[in-house]
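Same chain, two partners: subunit A is paired with subunit B first, then with subunit C.
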Partner chain A sequence: MDTKETTLWSRLLNVATRFRHRPEVGVILAFVVMSAIFSILSPSFLSLRNLTGMFTVVSELGIMTIGITFIMIAGEFDMSVSSVYALGGFLFVTLANGMNSLLAMAIVLLGAVVIGFINAMVVLKTRIPSFIATLGMMMFLRGVLLAITGGKSVKYIGDSIVPAILSTRLPLGFRPSHFWFLGLTIVFSVILMRTRYGNWVFATGGDKAVARAMGVNTDRVKIINFMVSSVLASLAGMMVITRFWIANASFGQHMELEAIAAAVIGGTFLTGGYGSIVGAFFGAFLMGTVRTGLVMSGAPAYWYRAFVGAILIIAAAINLKLRSKEM
Partner chain B sequence: MEHQGTPLVQMEGITKRYGAVEALTDVSIHVDRHEVLGLLGDNGAGKSTLIKVLAGVHPPTTGQVYFDGKPVLLKSPADARKMGVETVHQALSLVDIMTISRNFYLGREPTRKFGPFSLLDTRKMGQECRDVVTHVGVRVRDPNEYVSLLSGGERQAISIGRAMHFGAKVLILDEPMTALSIKEVRIIVKEIEKAKDEGAAIIFITHNVHHVYPIADRFTILDRGKKVCDLDKSQASPEQIMEIVATGNMDSVNVV
Partner chain C sequence: MQMRWGKLTVVLVLAGLLIAGVAAFAAAKNYTVYVVVHGGIADPFWKVCEKGAKDAGALYPDLNVIYTGPASFKLEEFIADVEAALATNPDALVCTLTAPEAMDEILRPVIASGLPVIGINAPDLRPEAERIPVLTYIGMDSYTIGVTAAKETLKRFTPKRAVYVNHHPGATNIELRGEGWIDTMTAAGVTAEAIDITEDPIQGAEIVSAYLKAHPETDALFSGNTQRTETIIPRLEADGIVVGKDIKIAQMDISQQILQYISDGKVMFTMDQQQYMQGYLGVIFAYLNVKYGLAPPPAPVSTGPGVVTAKDIATLTELSKEGYR
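Now for the complex of A and B:
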């Protein structure tokens, strides 16, 4: 029994070693293993209804994770995404209740661009570590939002254009957000791996001084990536409120940590210069799998955080081990 | 030859002040095609400041740089690079956690059109990079290997090969042999000779005369921001040059 397990394990490690230059290998393996475990524990885990339900929650977290991964590879953090998520949703409801929802969405996205720009400027001009600068932005935005709304929820009574674009249920439990998540994963993965800009992102996070010496405008890269992170967070925020048809200032608290955890589980370095959007995709999925899997196998929902914490540590350790042989 | 009289690069009367500190005072150097200039001086002599002016990092306070006899204004590293000035610096050439081919093309990535999108030409990046890297004598199994696996000498060789591949006319080597093994020094010497044969004007910066003496044609020695002397190789032995670098003057040395 014991030997069988070790051979299976060593075989898995072998496969992982062969493809270890891909940052996303570890998380895909973990995703497969966790899915297998949960489908054994709870037969209905693999039902289409459950999978699409999971996909919905995963998409909202995952779109935020793509943005976080993008900025983390460029060597910075963005803790403010969770507040941008709540603010984006709330602002959208307030605006769309009185105007065309598409216009409201455009304004929200523009607002997110501005917040991303401010984050970047604070980091670049004051040289405060981005962890602190965006932590401040996170608390500031959340505080303002709570103060203005008084914690009250606001119902969405606007038109159904943006809800149809983002969240309205499709046949078989699919939602547009699922396709947004898939599409954004592909688009940002191609940008990162197959464009000049992507190469500059890696270089900026990998070694800023070298990137500069080779003619890369590292400040510009950081500004753009802060904007991307903010825009994707606000998009996810609009997805969640068009799903619930209600906005509340407390939406998305601690979600920035979940997104960072998903990015790290997906193989992205906390120190910048290395990571993967496909890894972020599976990182977000792994968290969703654990969440629904635990609930469906009858464990109290509180165990979710404990599990995610354990997976985070294990994933970071495995990723480091796989990497250390080649870097 | 093709450019009688005017050297490829002339820096005339360069003075550089940082606030009240004068880092360079009226320094002039020149270097021509197919020539290696050894730029020597102790720490703080102003070697790095001088080449930063040439590389477009800092504009001089006063003085003028001439390229092919024509005055040029180097306002940024991009300007200098456009003129064909490439700097190879041990710590500032390659990103450790990127692959060799991604490093090789950093800032100059080749692309191919796919409809309206320009995507990286990864096939060209792999093949061309492998050719150049093999040519400079680095045995690489795969251009997708990470730079962190390479030795200091291999990195230097790749950086020089890259500069020449992208058509460097002036090659600035900033302490290229510090901390290299004897074997690696040999590889770098070969690389520099190759670049010289291909027509590059090479400025080799070091405080160790033994690194540069075997391959240099001429020497310029700086001390505390001022030029001490220009010497042809035939005028002085390595020991004499070392003495000048150490003392900062020519009092104790009788050069030919």
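Now for the complex of A and C:
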């Protein structure tokens, strides 16, 4: 091997080593492997129709996962996202059935900001762990929703502006929600990795003493991240409603756990201070891939939860190992 | 290192064999019919429907039946499963029409392109011109179930207060059962209402227990799911309530335990929608249509409700054990 070859080889090794330590590497590999297996088991798995269909479901979960990842990196949980998702959708339908849908959407997003702010205030002022505080909010909002609707579906009869912006089917099976998911992944990745605010988020969820020494206002970061989490959940809720044309109090049940699972599979730590939006993107995709892949390969649907559970444990174990190597 | 490669080779060979096995199995069949249902696939009710679908699939060597659905009722997952099933380009689809408004967009184009689609269990209840043009619907009229349950109860006694325990809030057909029950009871001068007992049977039993503490005059209960009644009865008994005397239960669907409860006098009667036939006929109609172009009987192909009382138990217990009822 001459010097030139050696240099190239060592460069490649360097890149590979650096890449290996990225939080999202495991999930990307798992995604590729699962996709390969399912495409062998079901020839239609890689068809455009299936990929776009999968993208639709994944986008709604994924947008919620971005918010969850953001708050988890800052060291907190938001269990209320699934109820915000359902309530956001219901509120949107109720409002948009009687007014301009864009205005209705703006009110819903504003409402989500308020819920996020309340979550943050409860956590920061009372020092109740965010898991418990937001679990309470999740139950409260779901209960209110069930009480208001009486369990009945409400049909969307509003204008088509917001449905066109969020969910209406485009040529080849694509939907605007796909581009929202991609766009939000890029935007939040850039915020997290390339801005000062991103550094603050990592610092807030990492060592608090260091964060304070850096002059980071951790409370402010948490307030903002709780609001982001709520807003993204309500956006996802409006997406599903404009896709189904009905709002229902049962929408999004247990979705908070799926979003947390997707974030963890994507390399985010439950302990905070470490994670990746790109990882969250692939985490959500992996969950969608497993569900669709099992249905398409004709495997009994009983296996879905078992698969996701196994992947979650493996992902958490790999993440822990990576972290201990880095330390 | 050598050991590691050895292990890897074994894993790869096993994976290859598995994939080849599944592929060979899939290739041997000429017609694939997907059956997608909204109910929890682990729910005993749906096991009977699944058996019907699979028994029908076993009749023909060129028919491959794939039965799927969410583990517990979740509309988004159900719709995703329907979409995944359609993405495999099946020869026919048999599915519950759980939320027709949400299914319009995915079912109408495939039906227009020639895919035979058959509805089972949960019908499209919109005005006829707005309904999804499925080949036929096999099942029941949900509202009638509630009406029949109320009429059968009123034949036996006039309740002071009646409650419908809703285990799938938001599922149109389940909501309609409650409406049928409440409307009929109200017309007979009985105060009646529906309560949400959630997707969780244990939590549901707690809710019913709390409701009866708040409204102790309640003496008639209509439950739309066997699993729920199987948790509600022991929970109420733990509260000292004599089920069958203090409160009388009208039931939907059959399980071995429910038949035992009828025999013990804890449940007045149950109504059978013969979901085995929903799975079985759904697959048969789909297969005959796709293979020979045979048109199934028009909707609704009614599978119930038949009222089951203590006198029917001997026959039904055996059939329930075998998975047909």
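Keep this in mind: the second predicted complex is superposed on the first by the 309 of 327 C-alpha atoms of A that agree within 3 Å, B and C clash if a C-alpha of one lies under 4 Å from a C-alpha of the other, contacts with A are read in each partner's own complex, and residues count from 1 in each chain.
Here is the rule we go by: contacts are C-beta pairs under 8 Å (C-beta built on N, C-alpha and C of every residue); 3 or more make two chains touch, one makes a residue touch a chain.
If you're wondering where the values come from, they're calculated on a predicted model, not measured in any experiment.
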item: More subunit A residues in contact [subunit B versus subunit C]; value: C
item: First, second, both or neither for A:Arg194, with subunit B first and subunit C second; value: first
item: Which of subunit B and subunit C A:Tyr274 touches, first, second, both or neither; value: first
item: Which superposed partner A:Gly53 touches (first subunit B, second subunit C, both, neither); value: second
item: Contacts of A:Arg291 with subunit B and subunit C, given as first, second, both or neither; value: second
item: Partner chain(s) touched by A:Ala209 [first = subunit B, second = subunit C, both, neither]; value: first
item: Of all residues in subunit A, those that touch subunit C in their complex; value: 37, 40-42, 44-45, 47, 49-50, 53-54, 56-57, 60, 146, 149-153, 155, 169, 240, 243-246, 248-254, 288, 291-292, 295-298, 300-302, 304-305
item: Subunit A partner contacts - residues on subunit B that touch it in the complex; value: 77-78, 81, 87, 89, 91-98, 102, 105-109, 111, 117-120, 122, 144-146, 148-149
item: Parts of subunit A lying in touch with subunit B, wherever the complex brings them together; value: 21, 190, 193-196, 198-200, 202-203, 206-207, 209-211, 213-216, 269, 273-274, 326-327
item: Contact set on subunit C toward subunit A in their complex; value: 15, 19, 22-23, 26, 41-42, 64, 66-71, 73-77, 79-81, 83-89, 99, 101-102, 104-105, 166, 168-170, 172, 175, 194, 196, 199
